[in-house]
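This report concerns only the one structure given below.
By written order: A, B, C, D, E and F. Residues from 1 in each chain.
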């Protein structure tokens, strides 16, 4: 089993990239790999409540986030520093996450087999 | 006759965008419009000598810059502040340009009919 | 002059370098994040006098950005207002 | 860990936010402009101790960037050296 | 006012084609005239007939075709951008054995001259990019 | 070492396809094995048979086809990315009346599973993006 990190450091709405990126993570989980989703930088905004891309006829990514446990993806990390920087607290997020310091995240990341980003 | 500004604020090498962007300016000149090419920000680097994209089998944009007078494009402005910022002097540039302050350029730009950028 | 800006960060920063009095900036797509008053200091934390800054509301809503989180000097438009800004200003420069 | 960075500005800045000792950064494509010691201050003007920074020479030559214009601590590789960096470091993160 | 539009980015991967579409809807609703939409650079990918997004998503290509049908908006794809990216004019496709129906309904392929003509004729020219 | 490659950007408009190609040439020259190249997102545009760049420019699509021929590198295009962007599998094209020869020589269309299999099998996975 390999450890695969999927790093989201930009918004997931507005285009198909976020959706196609998460598809990779779901497929990795289906292959029984250790999948870690990491939200950092501007990417923490992808987790906030009340995202309504439907008004623009864009597909909403939030249902996919809500379905992560169904796909056995339970390691969802957010970087504490990024949350603070963007003035966000966990209660404002759509899903439950594991907040960790940049340093602690980097220690895990260094041990990953592969890192995906977009 | 309309006044059309074509603003280059990024490098022209590495992809086809710069080439296709200059094609628009050449076409505008062929339509007998007043064409002004403006290099600002990182874009001033597109003018330096000794660019060798041929090593990467990429098409070189410099011959197009050298051919501008043939297409009757003679208004080539560079922003002085950007030249200073990047530590460049006119002698290091591939073609002869008209250096102007940001302020003077903006005064001209405000009177343009249309502005193209990429 | 109207600047239509679709990215925060460097693209917006370059735009701010060249604006002058009576210019208008419209933030669209992911640039609407620049309207948020975090992180501090951010690209827009210092207001530029004489320059009006708008954000496209449908893009804000798509991303779940509440106006309460934004700088109070930002103004908001929908697509109809976007068209009005284009009508009221010339030339128009797209910053991508 | 190897970071492959293809844009200067925010993309490189975000990368620098997360690097730690023994990490390696490789600047490719238009990110090679970050190797230039102008404008001042630039993203790389403060050297990060313990982090090696490389730039891809063929991308420098394509853009006419002389190493004389670059920070003296930058190291240079061609594509063969790029492959070696990938072999010597793991994991690899692409910053686009 | 008379508006010409330029789209420089591929659909789906960038929001440009969506933003342009909503802008154009609002402009038409206000009684403005969209003189022409010119697809340039990767924007030519907006014209591929064979694009088949999942059924629960907007169909960007069909949306453009519908705009032409309903409002008679001129949809022009740049010939040199298109050829480089795999979208051939029917006559060229016939000659080289390529796809003769590559272009979706309502689009036509032409040179940069049509962009310049539109720009000169229009009160505003708006570019939507990557 | 065994390397898998992922390409996320369209050709010509971004340097990614060029950088990847030069990297792969160097890797092969050093005796490394390129296990698979997976074309994802707008990267699928690298596979369009009808792409016809001007004669004095590199032909990115043909270059990939040549890589497969010379070094037997597996070129896989993601089926769902491709379908959204107008590149159909032959069987689907036959069914819906699309272009049956859309894919250039040496490429094949398959699901994301082939990306994951490559990643798991490889010592390194390198992404080239926009």
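Assume a residue touches a chain if its C-beta (ideal position, glycine included) is under 8 Å from a C-beta of that chain, and two chains touch if they have at least 3 such contacts.
The structure displayed is predicted, hence computed values, not measured ones.
Between subunit A and subunit E, the least number of touching-chain steps is 1. The interface with the largest number of contacting C-beta pairs joins chains E-F. When subunit E is fitted to subunit F on its Cα atoms, the angle of the rotation, on a 0 to 180 scale and to the nearest 5, is 180 degrees.
Rounded to a whole number, the gap between the C-alpha centres of subunit C and subunit D is 31 angstrom. If you average the Cα atoms of subunit B and of subunit D, the two centres end up 27 Å apart. Contact of a single residue of subunit C with at least two other chains is seen at positions 29-30, 58, 90, 92, 94, 96. Residues of subunit E in contact with at least two other chains: 8, 12-13, 15, 22, 41, 57, 80, 84, 124-125, 127, 129-130.
Contact of a single residue of subunit B with at least two other chains is seen at positions 14, 16-17, 56, 58, 114, 117-118. The chain pairs satisfying the stated touch condition come to A-C, A-D, A-E, A-F, B-C, B-D, B-E, B-F, C-D, C-E, D-F, E-F.
By the touch criterion stated above, subunit E contacts subunit C in their complex at residues 1, 3, 8, 15-16, 19, 22-23, 25-27, 29-30, 32, 123-130.
Listed in rising order, the residues of subunit E touching subunit A in the complex are 12-15, 18, 22, 56-58. On subunit E, the positions that touch subunit F within their shared complex are 10-13, 41-42, 45, 48-54, 57, 61, 80, 83-88, 92-93, 96, 98-99, 101-102, 130.
Residues of subunit A that touch subunit D in their complex: 5, 7, 9, 40-41, 102-103, 106, 109-110, 112-115, 117-118. Here subunit D touches subunit F in the complex through residues 4, 6, 28-30, 58-59, 78-80, 82-83, 86-87, 90, 92, 94, 96, going by the rule given at the top.
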